[in-house]
Amino acid sequence: MTAPLAPHLVDELVRRTLAEDLGLAGDVTTDAAIAAQARGVGEIVARQAGTVAGLTVALAVFPVLDGGVTISPEVADGDPVAAGTLLARVQGPTRALLTGERAALNLLGHASGIATATRAVVDAVAGTGARIIDTRKTSPGLRALEKHAVRCGGGHNHRFGLFDAVMLKDNHLVAAGGIHPAVAAVRAQVGHTVHVEVEVDDLEQVHEALAAGADSILLDNLGDDELRGAVELVAGRAITEASGGISPDRAAAVARTGVDVISLGWLTHSAPRLDVALDLQG
Amino acid sequence: MTAPLAPHLVDELVRRTLAEDLGLAGDVTTDAAIAAQARGVGEIVARQAGTVAGLTVALAVFPVLDGGVTISPEVADGDPVAAGTLLARVQGPTRALLTGERAALNLLGHASGIATATRAVVDAVAGTGARIIDTRKTSPGLRALEKHAVRCGGGHNHRFGLFDAVMLKDNHLVAAGGIHPAVAAVRAQVGHTVHVEVEVDDLEQVHEALAAGADSILLDNLGDDELRGAVELVAGRAITEASGGISPDRAAAVARTGVDVISLGWLTHSAPRLDVALDLQG
Amino acid sequence: MTAPLAPHLVDELVRRTLAEDLGLAGDVTTDAAIAAQARGVGEIVARQAGTVAGLTVALAVFPVLDGGVTISPEVADGDPVAAGTLLARVQGPTRALLTGERAALNLLGHASGIATATRAVVDAVAGTGARIIDTRKTSPGLRALEKHAVRCGGGHNHRFGLFDAVMLKDNHLVAAGGIHPAVAAVRAQVGHTVHVEVEVDDLEQVHEALAAGADSILLDNLGDDELRGAVELVAGRAITEASGGISPDRAAAVARTGVDVISLGWLTHSAPRLDVALDLQG
Amino acid sequence: MTAPLAPHLVDELVRRTLAEDLGLAGDVTTDAAIAAQARGVGEIVARQAGTVAGLTVALAVFPVLDGGVTISPEVADGDPVAAGTLLARVQGPTRALLTGERAALNLLGHASGIATATRAVVDAVAGTGARIIDTRKTSPGLRALEKHAVRCGGGHNHRFGLFDAVMLKDNHLVAAGGIHPAVAAVRAQVGHTVHVEVEVDDLEQVHEALAAGADSILLDNLGDDELRGAVELVAGRAITEASGGISPDRAAAVARTGVDVISLGWLTHSAPRLDVALDLQG
Amino acid sequence: MTAPLAPHLVDELVRRTLAEDLGLAGDVTTDAAIAAQARGVGEIVARQAGTVAGLTVALAVFPVLDGGVTISPEVADGDPVAAGTLLARVQGPTRALLTGERAALNLLGHASGIATATRAVVDAVAGTGARIIDTRKTSPGLRALEKHAVRCGGGHNHRFGLFDAVMLKDNHLVAAGGIHPAVAAVRAQVGHTVHVEVEVDDLEQVHEALAAGADSILLDNLGDDELRGAVELVAGRAITEASGGISPDRAAAVARTGVDVISLGWLTHSAPRLDVALDLQG
Amino acid sequence: MTAPLAPHLVDELVRRTLAEDLGLAGDVTTDAAIAAQARGVGEIVARQAGTVAGLTVALAVFPVLDGGVTISPEVADGDPVAAGTLLARVQGPTRALLTGERAALNLLGHASGIATATRAVVDAVAGTGARIIDTRKTSPGLRALEKHAVRCGGGHNHRFGLFDAVMLKDNHLVAAGGIHPAVAAVRAQVGHTVHVEVEVDDLEQVHEALAAGADSILLDNLGDDELRGAVELVAGRAITEASGGISPDRAAAVARTGVDVISLGWLTHSAPRLDVALDLQG
């Protein structure tokens, strides 16, 4: 059961996507070639195997175009599907089905591509206890949808923005005079529900971060042996995150080092789209 | 000289990207760990070779955060760059540099990834006369940026939406009773500046589309021999577009068939991000 | 069958119009003088003969004010109506009918005025083969509605903005070094679906535009004889547009010169409103 | 000295106008045909005699497009100008001058058309003491600009919307049980700064409205003799407004009846645009 | 029967309030802990005695979150309620009830606090003929809701903004050269429905304001005896407003001086929230 | 050094506040009574002692109205000030100073009222180690400003919304089958940076929450002895929060029980405004 996108975000995504595709003149092809009274049924299908995400927002496109369209999902966000699977039926005025097709598929294909990529990595680390998480390397304006897609793929979310958790990176540590004063400064200012994570480059810094009371430690660009050493050193006193250019292929090896979470920017910034289509029936 | 993004789009992209990352609480890490009066210089660099796109919009992030930041581009959108190339300098309050880093890099990396992928395909077809073009398979809300990136990579744009050209696909043709009545219907309704393209599946339909007076003919999922046959048949009386699951690898072979334009959805929906970073100096 | 306004534009127009009229305090007269439970029927009628446009968007005002209002159009956009014709009935809470009256009539009267003016000119050129088209001389923020109204009046649309077709005017030609290099420059950059029109002042330039491969030629401020000469010269190799201060009265004479399209800014910037009213029945 | 448009309205009008004209692709003609570094001077001139309005908002278009444009008004809103008068100079990147031209002229021409029409009627009633005022019959989304234009033409504004004054019309009076209870109901509810105007059809109702304590009385569709009678009857105890299909030609006769204000919907809904142009110098 | 909030304002308030509370990630607690199919009934109750305001907008929160929620108000805006009174029932998916709880209660508690405070002062001056009115000292972005709440409490509204009535304060009077020229200047410019109020500090100025033809006179920071003197002096020729730091406790004494209206900024800027809660039934 | 409001929030607050006050007609008083060329200096002063908040956003009002206004803060957000203290000077066109006055003061007075109330409670618990924190009981649309004001008063922020921390309340616990399964459910779903707080009513539940691994425990409506007992029981293994109708007066006693944080809804929903004014100098 994956947490849904909030309704105001669904609404905003649908409107932004449609406004971009319809402009001021609308769908000049369909308005000229298809009679207003024509009715049809569209089947949204997966052309590739994958994991579904964004189906709710994609289907929400059609009733905005015409209140007379009925939408019937056949699967749910988070479901794995084989190539050829029927994902949903949309039924109503043919014009709305054709006009909304690309907007809906762009939302669905983008999100499902991320979910599919995430699911592959999550499966690759199955049994290790490591969680696969995303980053803030998302497409501008699509962060909520993309992080939802990661959840649909069995992944978890890192912080959503600069506002909901502290991440002390190298520049912050230098400016604040080291890990200890940096953690102290943020603890003094931020609320008690704000998690504090510290990015470290070596085991020496892991020691410092632990001593400073970090909630999580981001192990940046460490090799597998170093990761294993860090996990031993931390010994459950903080959450350990492996990060830094970890390709999907390497994730399983990293997971076996015992780290708690593994973050991959690739999931949201470079996962290829899942091939989905809308087949119109008469 | 690539056509720039319109200023109201730059402004909207920057604000949307920042709002998403800052939320209501802002950058809780930087506000706590970095002194308001600290100043620094950031260097935006390419970690990979590629083609730059989105630099203008990425740099526009910083002055929105703090009017005291100076931005100095070292390259321009459309420029090819080697790994390690300095793309721009940003100078001013350290807080603004750190807070804007991810927003700027997400814009720049996303657009440059598309430009880089486009450039590779454009180079692959060099000498053939074929143009590489994009599709409407873009990321929701990012179509203008992504189509700008395609131009930066040496590609050209297909229509921007449903509003600025007619594309008669199979469903339209069936509903309208064939190619001839479909083209007639749209010609009767749309303005004289609206281009009419017809999607066809075989040479028989190419004949019909030509007879109906199509401006362009989209040759959907044809093999190279069929494409060559279509080009001969058309003989310059319409623009020929090859489309349908054309991978970057296959583009050169397709180009040699003599088609005028080759469209690849992959450029905008699945091109991986270009790796860019901001290095903060003192 | 006229292409409708896209639903997101209907929604936006209704909300903008109502927000402007209701402000923060709402309809202080109606809220004080009319009981909340009062019900009524309003009849929207044409006080003058004309052509209807904007009825859909006008009626959409009422359900936004109160979900309990039922709207029943009696005619459709594009229909010619005599003075006194009932255009629609709106039924429900009297408050909503009175509060929405002016917003609805302003939308309907403005669009129908343009449709009526267009229809008169379209009728005047009937039989000549010339199309009557609009320009970009529209009321700020109302372009989509106004161009829709032109279509309702039997006219056609010129380009919607700077984005969907090329129009090379005198300044562009001078800056680019003449018609040929100007057309070449835009062809090199714009997509294959972008129509290229060149504005010319004399027959010499018509020659050049044809040679340069313009898709359309705008004949600016030419007399009828010159227009006839240009049409002969072009001989179907490009679309010919007569433009420049053509009054509705002169359109028929211009049409008889054989030009393909005649553009009149007057249709959208100066057509008087059609007189429409809402009569409330007990 | 005419009250200016509030700055947030200027900003919103400019952005809405530009967004409509530029879409996602921007000015494809200018971006392709004009070099980015080209500089020029544009002269905005009146092609017809008239009264200027909207110059501030029209000029504000250019710096939004390019911060390097300098704007230099030569006249001010409210100034009468002869045909050929230079209204303003705009200087800077040629691209911005060409791209902003139509947006600026649409704003300026529309507002100046209203100001010019208003000025003609105001001049026609000069010496009578009657004020020429507008109505709520404005173009959707342009009410603030259009009412500003009326002020520029020497006219005055009626209420801006349903929110800032009470206007009891026939339907309100019937529903409330007559003029007296209707006025009583609104006085009981609205604030002490809210003006109460009552619309009447005959002298009998004028009596009632006076007795009920109306601040103003709208004399709807009365002949000149009736208007004179009403003015005598009111004798300064309320403001008298003549309204209802008063053409500009009839205004002077109406003014001589002694009414205080004369409202003309025509000023805002049907005044033709003033012909203005931008001449680009080298 | 209190005038309602206009529907577009209800919609905007609900969306702004929800967007602020849900952000990009939504209600992470409820989405994880409550099953999507769980249903429940929520009872919104007053924990304190008071006067209700904002119930309509508060209830509108829930259907926006989930179309399956049914809302059933038990009282209406403006009703006095005892502690423990059931104000409304909301029934449907438990997730929507929990997620919307705080947004709804913040709207309801804020508005009802103002209505309750207003009602107390209105009751305190009962029988005197004085009206209790608000000011422009409202919470940014909440003016329409707060002024609605004042009406719900039996108070009346002063002007809504700088746009709907003239208020000449000390600085205006000095700049314009005194009361008489100031009133003359505004009368010359503003429309005939615009009320003119003059702020005065002593009886001398009351004389001047009357002579200048002010519609209302704001008696700023006068003692009770001075107020009485001013009321006598005015003798019904203008509306008298007592203003300036009048605490709720002092209102009754001020009312007995005979002034027409008493304005209290406290009502909207400092009234404490009414304690309201949502009790969820299984 | 208090964390500032993000610039996009400052901008949005200023525009929303001005739009509300200026409407379509603008400041009709000032535009008529004050010459456009008049210049002046305004001094923003505290009429009461208190703590400043919102000065940056308040001052930002003026340059939006007129780019010629210079703003000069004399104190900073978070500073304690005596009655009569000069907070800032604003200098420039008199119209802008008068038009912006109320918008600026409403922002400043509202935020400073909250900061002042917070500071009083923070001072009252000085030396105990307890932090004073806010809640989500904020004014709709003003949460970021109000939580900023709490920080300015020396308080800390609780979560900003439903999105940035888990808070398991009674209804969640019942629905999930108890504290243990509820915490397990959320831990399984939410990211590793999401803090989990559990609301408890008695010591028995404190035991359970600790066993379940809660990060924080909200002790709801407990007496001082119970609070002390809970603190002992927790013994540093989780953060303890006292909550539930804690008045500012009772805060010190609660703080002495040893709880880590004390949350007061009163700070943001009922703190009275700080009295601030703008004195205009010639």
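Chains here go by letter, A, B, C, D, E and F, matching the order in which they are written, and residues are numbered from 1 within each.
Here is the rule we go by: a contact is a pair of C-beta atoms (placed from the backbone, for glycine too) under 8 Å apart; a residue touches a chain by one contact, two chains touch by 3 or more.
Computed from a prediction, not measured in an experiment: that's the story for all the values here.
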| item | value |
| --- | --- |
| For chain B and chain D, chains touching each | A, C, E, F |
| Where chain C and chain F overlap in contact partners, by chain label | A, B, D, E |
| Pair joined by more contacting C-beta pairs (B-E or A-F) | A-F |
| Fraction-based call for chain E against chain C, same above half, different below | different |
| Which listed pair, C-F, A-F or B-D, duplicates the contacts of D-E in over half of its pairs | A-F |
| Separation of chain A from chain E, taking each centre as the mean of its C-alpha atoms, in whole Å | 43 |
| Distance between chain centroids, defined by C-alpha means - chain C, chain D (Å) | 22 |
| Separation of mean Cα positions, chain C and chain B [Å, integer] | 32 |
| Touching two or more other chains - residue numbers and ranges from chain B | 3, 20, 22-28, 31-32, 35, 143-144, 157, 160-161, 163-165, 189-190, 194 |
| Contact graph of the chains (line, ring, star, complete, other) | complete |
| Complex contacts: residues of chain C adjacent to chain E | 15, 18-19, 22-28, 31-32, 35-36, 64-66 |
| For the chain F and chain E complex, residues of the former touching the latter | 13, 16-17, 20-35, 38, 94, 98-99, 102-103, 105-107, 109-110, 113, 136-145, 160-169, 171-176, 182, 185-186, 188-190, 194, 265-266, 269-270, 272-273, 280, 282 |
| Interfacial residue positions of chain C with respect to chain A in the complex | 1, 3-9, 143-144, 147, 157, 160-161, 164 |
| Chain F partner contacts - residues on chain C that touch it in the complex | 20, 23-24 |
| Touching residues (chain side chain C, partner chain B) in the complex | 3, 131, 133, 151, 156-160, 163-165, 189-195, 197, 215-216, 239, 241, 260-261 |
